[in-house]
Amino acid sequence: MSSIKSIGVLTSGGDAPGMNAAIRAVVRACIYNDLRVFGVMRGYQGLIDNDIEELHSNSVSNIIQSGGTILKSARSMEFKTQEGREKAYDNLRKRDIDALVVIGGDGTFTGARIFGQEHNFPIVGIPGTIDNDLYGTDYTIGYDTALNTVVEAVDKIRDTATAHSRLFFIEVMGRDAGFLALRSGIASGAEAVLVPEVRTDFDQLEHFLQNGFKKNKTSSIVLVAEGDEIGGAIKIADKVGKEHPEYDVRVTILGHIQRGGSPSAFDRVSASRMGLSAVEALMDDQKSIMIGLANNQIVHTPFNQALKNKKALNPQLLEMTKILSI
Amino acid sequence: MSSIKSIGVLTSGGDAPGMNAAIRAVVRACIYNDLRVFGVMRGYQGLIDNDIEELHSNSVSNIIQSGGTILKSARSMEFKTQEGREKAYDNLRKRDIDALVVIGGDGTFTGARIFGQEHNFPIVGIPGTIDNDLYGTDYTIGYDTALNTVVEAVDKIRDTATAHSRLFFIEVMGRDAGFLALRSGIASGAEAVLVPEVRTDFDQLEHFLQNGFKKNKTSSIVLVAEGDEIGGAIKIADKVGKEHPEYDVRVTILGHIQRGGSPSAFDRVSASRMGLSAVEALMDDQKSIMIGLANNQIVHTPFNQALKNKKALNPQLLEMTKILSI
Amino acid sequence: MSSIKSIGVLTSGGDAPGMNAAIRAVVRACIYNDLRVFGVMRGYQGLIDNDIEELHSNSVSNIIQSGGTILKSARSMEFKTQEGREKAYDNLRKRDIDALVVIGGDGTFTGARIFGQEHNFPIVGIPGTIDNDLYGTDYTIGYDTALNTVVEAVDKIRDTATAHSRLFFIEVMGRDAGFLALRSGIASGAEAVLVPEVRTDFDQLEHFLQNGFKKNKTSSIVLVAEGDEIGGAIKIADKVGKEHPEYDVRVTILGHIQRGGSPSAFDRVSASRMGLSAVEALMDDQKSIMIGLANNQIVHTPFNQALKNKKALNPQLLEMTKILSI
Amino acid sequence: MSSIKSIGVLTSGGDAPGMNAAIRAVVRACIYNDLRVFGVMRGYQGLIDNDIEELHSNSVSNIIQSGGTILKSARSMEFKTQEGREKAYDNLRKRDIDALVVIGGDGTFTGARIFGQEHNFPIVGIPGTIDNDLYGTDYTIGYDTALNTVVEAVDKIRDTATAHSRLFFIEVMGRDAGFLALRSGIASGAEAVLVPEVRTDFDQLEHFLQNGFKKNKTSSIVLVAEGDEIGGAIKIADKVGKEHPEYDVRVTILGHIQRGGSPSAFDRVSASRMGLSAVEALMDDQKSIMIGLANNQIVHTPFNQALKNKKALNPQLLEMTKILSI
């Protein structure tokens, strides 16, 4: 039988829609299994500040549909110091919390890995980030919602782009990864997609622009991941505007709307499955792993592997934008 | 080199959001590969009536975001007769159409299988139905959109259920399959889910109702698949209302809103992938297969297999509703 | 100077989106004016049960976007008795609450009027109902949101209606009033609208059906207010289906989704204005009045007038459906 | 009897959701009254280029729910010259078009006024702009939809703002007018609103920022109209960020999503009413007027009056933001 009697849960790093669904599942799974469960506020900083309170079934009533995180999130500088982590550990000990579920991205798991090793403390991670850039899971919590948010925004911009026969460059989040740009580009019928992972996509864009104008497309949309190597949407639009005066060029940077909103059905189900599985993993004496969904099944990946490997874009999806915008 | 020079595409059976995205991908993939492509109106009936027209790249501009199907859909009695199918074949021959892509559900594929064998005619199917009840694919086109539509509707009903502390029975589509009810139940935080595949779930409901009332839940939502063996939502609500006068019971039947709406990002991407792959499969001399997505990869399943096997509900998801509504 | 030092606020009757925005405005206006403010739970029943708590500025943080009502709503049988109202009065006195703001429909104001006269107690009402059937205001809180909910639902059904060339009868709320049916009918491009206020509209429908079929409309949508005198949508669809076998007839009853959802911008602004004005009216020694918006200005109407007069449908809007569906 | 036998309709200037609903109403009203009706593409430029085609009832089927404009829009330099307008007039004469309905903003009406006087040609205008900055109507077509778009975006940003306790400056459209910023600010519960019409609002913001931080608000949202005199959101955020290092400041510029999207119920009804009324006004021999909605009634305002007067912000609404964000 497991030695775990009490679990803490926190959200850390950038927030993502569906985090509340994951918190709810962690809390309800604990109660179902007769474990106590504690909410830690503002990520690791709440551990240090002892900003922790016990949660009950109705603490998480009616939150599955809410964006953001009821536990709030923050980046903690203090937790990067050994001293800060000592304080955190002491607070956990004082409250007899035996294990942690941490919801976040790679920064969150880096902290978790160090803390877990330093104090031999069981931690299981749940991938929550709109960027979908975590190795060890096909989908991160929040990615599907952000995709839908981007696609709805591009649909709206398409209305006005078509009315005026304009060329729009739309910047979406993704400093190091083009997952969001690529899938939302396909889903919104974008004429081209620029992502950090591919160096040659600007040539394709150039080819398309010369071609598209000849075919007299009624509007053109190019999605740009903020981390693309030629620069963000504003830079690229300037360049294209100068070289192609025949286009009426506009820019929109979607910004923080991508982080919020009521989570999609997909994210709510994934978050609920991962939340349950995180508690089960801890009860099965697992530690220092990230829960993931691969091929629609729950899988475990050691933090170390999740952090040092890089998830690749699907090359078939990259190829598709070229064919579909013909 | 492939002998296919010209492809017809049609939608048949109940329409589903994302069918237009699939049509667009079929058309663009044909043009990209220098094939001619023809749209057949109103499913198999259009083949018989010779209601067919050539499509071009801009025939499918600005449709990726639209629900319904620009080719319209219908059920054709005439195509069930050999005579009807002869007419259909003659019309295809007259126009030099070498192969078909058919988008629909099991009725569609049954027709395709017979016609393909009878006339040795290459047909590839794309699964389009909100019910997700097709073997050979993890997701059918329209399922994810319908899930989001149901979840948004239940979120709205939850508002009023909570304001009045009511028990709602909400009926969702699914005559033979509980996929839609099950996932939307999890995603909307339903207290219980009744599906055709499980005979004992009413006992669980009974258990929950006795329990939930004691805990004084502020509202309770039960999702009922229309095909559940105890009857639809109205029947069950009547039964529960009589046995539990302590509950203020209401019913909503979501109905045809579940079939419409702008497709979700997920459905648009899946539909686009399947559309491209259907054309590629025909160019690779495949026939009598359904395109599917399994483990996020394109797979082929012979019509015969797709039709005679039954896809099972994920038992872990069934178990989850019990834990999460504690 | 006003003798009011402390105000109670409650919601009663059917809930409507925007009630929370009104509660928030009442609370903030009280605090801005150095009054204490108390939330009464579950309408008049909470007065009787002494289910009342003081509210603060952050009690109403982040609720402006939520459907339902944080104060919950209920219909109270006990408040219809003099004894019940005595208890309510005693509880108000014990807490030194000097006045009430009640948010609801005609049932709510009937209770308010009796209680106010019986105990010489200042009460101001805010019209909150999706039906828009209150005399003394152009718009009730929740009406605009419900309109948008209905229109989005009909847009979805239009997708599938068009794909199959069907005739849909869609039933919307409105037992005694056709406001919701009429405006949502115009906004969704319905081919006909049946409302309780007009006896002859079925003849127009009949005329349209004979005409529309000839013109081969691709789909037809008829909106039916639940209180229409020929019966609800199911009854009418049966009748039409029998008399017009050339139509493929379907029915959807929209039901309780019409009561929920995040309130529209319009409802949030109206609710905020009315909430502020209700507090100001009490501070100005007003009583037994309903706050309303007429010609975009705040107006006061005595409860008695609001209850005994009937608001009429705009005849120009009725005429419009005929012209626009040509 | 009116001498008008044939009407042209065009959209000009920035597009706005609901323009299609207005076009549909113009077309159907013409047909209902046995007039011919012609669509002019790309605003006044289409008159000059003779890019005009006859419209029928089903030309406007299924467009009431679409953003943008099926007639496309553009700004025409050539129409500003007498020569250009001569060409336009000749093309109208050749097609026997007797009158025009023009949908747009003040630039559109300026052109209409000159052309109408120069050629004694009957023109009626319909106000279509998300800015709501036209004198002679309480609401312009597109304003209500844009309000809802902004409010939904701010709701999403509020999720992430709250999760991280941040201060967001959100820039909305409105170069000369704060209507959009003001109403969306109230509806989204913004802590402050900065508009071009008010010079002192930055002091109020400063006051709030000092106060809000003390009260430890969980998040703060400030809406900035792009035309505010201290500069757009980026400039203001820089200033505030330097002076208040205690705030974690972020900026989002909503951009062109505000112009698109399916129109709200309110805009569809207003657009339909105005479209009908424009045709009726021409049949009643009116000219050089703008159709408007004042106090929920159709009113006529001479172009000259609509252009030279400025609509004022409602001072009560300005006052409200201060009270509601307490």
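In order of appearance the chains are A, B, C and D, and numbering begins at 1 in each one.
Criterion: a contact is a pair of C-beta atoms (placed from the backbone, for glycine too) under 8 Å apart; a residue touches a chain by one contact, two chains touch by 3 or more.
According to UniProt, the chain labels map to these proteins: A, B, C, D = ATP-dependent 6-phosphofructokinase.
Treat the numbers as computed from the prediction; the structure is a model and nothing was measured.
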Neighbouring chains common to subunit B and subunit C, by label: none
Inter-chain centre distance, subunit A versus subunit D - centres from mean C-alpha coordinates, in Å: 36
Inter-chain centre distance, subunit C versus subunit D - centres from mean C-alpha coordinates, in Å: 28
Rounded Å distance, subunit A centre to subunit C centre (Cα mean): 39
Where subunit B touches two or more other chains, by residue: 155, 158, 162
Category of the chain touch graph - line, ring, star, complete, other: ring
Touching pairs among all chains present in the structure: A-B, A-D, B-C, C-D
In the complex with subunit D, residue positions of subunit C that touch it: 24-25, 28-29, 31-32, 57, 61-62, 64-65, 138, 144, 147-148, 150-151, 155, 158, 162, 183-184, 186-189, 215, 217-218, 262, 264-266, 268-269, 272-273, 276, 295-296, 314, 316-317, 320, 323-326
Footprint of subunit A on subunit D - complex, ascending: 11, 14-15, 17, 66-69, 72-74, 149, 153, 155-165, 168, 250-257, 259-261
